[in-house]
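In the two complexes below, chain A is the common chain; its partner is chain B in one and chain C in the other.
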Partner chain A sequence: MLILIISVCFAGGKQPNDSGLKLLNVRTELGVSLSEDPLTIVFIVENNSKNELKMSPLGTSDSRIVLIKPDGTEVELFAWAEVTKFIIVKPGESFTQKMPLERIFTSKALRLNGKEPFELNEKGKYNMYWKIGEVKSNQILILKE
Partner chain B sequence: MLQKAGRNRAITYVRIRYNNWVILGVKVKIKVLVLSVFLLGICMAEQGLIRENVQLEMGVSADKNENCMVFIVKNIGKDDILTSPIATNENRIVVVDESGKEFEIFTMKDMEPVIIKQKDEVLWKYKVGNIIDNAKISKTGKYYVYWNFHGVKTSKMLFLKQN
Partner chain C sequence: MINKAIVFLFCVLFCSLAFSGESEIVLDIGIEMDVQPTTLCFTLQNHSESDFSAMPLGNANSKIIIVDPDKIKYELFVSEKIAKPIIIKPGESKVWKLKNFEFLKGNLSIMNAKDLKMDKKGKYIIYWQVNESKSNEIIMLKE
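Coming up: the complex of A and B.
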């Protein structure tokens, strides 16, 4: 069975910009869970291609959560990890991952320019998206007061 | 003596009746004013006056003690905008289910208008739990929510209901 590498076979849903790969049949989407309290973000990938999809878990390696700060700078949540258990999404299936919003904002894995842990204390409007390789999801506005 | 007392009582009665009518008159005037402002708001939306003059943003609150959506409107036009709070009158939250069926969350209310002055920004919050309750969401699946502010709509945001 042919397993495609994420960076080759992903195609984003609504792209924040036109950069990155534009490949068909795979869709990434960011949303909010109606089943959890406190507020939890859901990360959905739909594989509409004919091949299996292989990806690292959320917040590791190339599967990164990106927060655009009120001043426009981008902070990424990820940890380099030697992934031993990849997520496999079969053709025609989707896979959902979740993370509480508070955990994202207080994570020790937040990095600025890929370096050292970074703390988010600034109040204001943030935008968040999910990035897998070069592929980006839709954005969600988050208000920190 | 008795005649005088009777006359005083009659005068007092007339005064009270008169005052009541005055109070009632003021109340009616206020209601007419509120209604006029509300109708003016609707007219503005229908004429497209609001459409070009607002910037809408919809998202969620990062506050760990809240499980809220946030709705932010900025007046980027030259005139004041008259509206009412979120989920009332022409300021509505719309939930779309997987079949495409839309459910609007709002109540029609006769109330004091919210005035958004030039360059001002107004923020409303709405609990995610209230969306579930008011839109009667019980089935699992994907739902999309958007904000319809006097006919101006935001992009849709995904909400996922699981077991």
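Coming up: the complex of A and C.
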């Protein structure tokens, strides 16, 4: 089932806007919420294209949270969950998702190169970004002491 | 011909020396993990070969800039009369921290941003500028 979902997401072309590989005029941004406590990261996607954008929830399928560790290696937050409900963003609209920062750092769904489970204990500077298919967001710098 | 080449090379060398200074000062804004309340970290790295004299946040040439959802730009200055510069040696860095986004809650004296209340909904962009060096931008969402 999971393989089927992933293959559908990355099929490209025939879907009305699968966010798989071609996402022209789609913009992704990472920010910090001023309205949430504890510290919460906001994931904003703007669909400036003429088609609907269909994407999976955060950390599933082609919607990946990526952390660059202090030593430069990248880890992905990737949930091996079945995606049953996709997010549809209409042309000209934007959609915001949120996730507490602590949850990202303590998630057991972290994968090193998409494979081995991983924990983030190292002190130093982390950079985080979000990508939907090939579209990457800005990076947020996180300091862990 | 040789003279022109020498003049050209001299100009290139002069320009590279003249404009290289500020890029050796690297500014970053980040958020601190594992700390409550939420804290912004302002890091200055001195990659030059000489000492860098840095003023505390919001003083003199150290400006925090906020662009509100209407694209209006505010510069935040702390109205301290006496602020001592900090010397950052080559290869070293200095981190300043603002807990709980103090400047957003009016705990700091803000001289030229009295109208900034941060109550508009939308995206705010924050960055930091020291002389000509500019940090990355942080997006903050008010809902």
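Here is the rule we go by: the second predicted complex is superposed on the first by the 121 of 145 C-alpha atoms of A that agree within 3 Å, B and C clash if a C-alpha of one lies under 4 Å from a C-alpha of the other, contacts with A are read in each partner's own complex, and residues count from 1 in each chain.
Just so we're on the same page, a contact is a pair of C-beta atoms (placed from the backbone, for glycine too) under 8 Å apart; a residue touches a chain by one contact, two chains touch by 3 or more.
All of these numbers come straight from a predicted model, not from anything done at the bench.
Engineer: When the two structures are superposed on chain A, do chain B and chain C clash or fit side by side?
Structural biologist: Pair status: clash.
Engineer: Give one of first, second, both or neither to describe whether A:Thr96 is in contact with chain B, with chain C, with both, or with none.
Structural biologist: both
Engineer: Per the contact definition in the header, classify A:Ile88: touching chain B only (first), chain C only (second), both, or neither.
Structural biologist: A:Ile88: touches no partner chain.
Engineer: Which partner does A:Leu143 contact after superposing on A: first (chain B), second (chain C), both, neither?
Structural biologist: In the superposed model, A:Leu143 contacts both chain B and chain C.
Engineer: Identify the overlap between the chain B-contacting and the chain C-contacting residues of chain A.
Structural biologist: Overlap of chain B and chain C footprints on chain A: residues 29-35, 37-39, 42, 44, 96, 101-102, 105, 125-126, 138, 140-145.
Engineer: Which of the residues in chain B come into contact with chain A in the complex?
Structural biologist: 57-68, 70, 72, 123, 128-129, 131-132, 137, 142-143, 157-163
Engineer: Would you mind writing out the residues of chain C in touch with chain A in their complex?
Structural biologist: 28-38, 41, 43, 95, 101, 104, 118, 123-124, 136-143
Engineer: Using the touch rule from the top, collect the residues of chain A that touch chain B in their complex.
Structural biologist: Within the complex, chain A contacts chain B at residues 29-35, 37-39, 42, 44, 96, 101-102, 105, 125-126, 138, 140-145.
Engineer: Can you list the chain A residues touching chain C in their complex?
Structural biologist: 29-35, 37-39, 42, 44, 96, 101-102, 105, 125-126, 138-145
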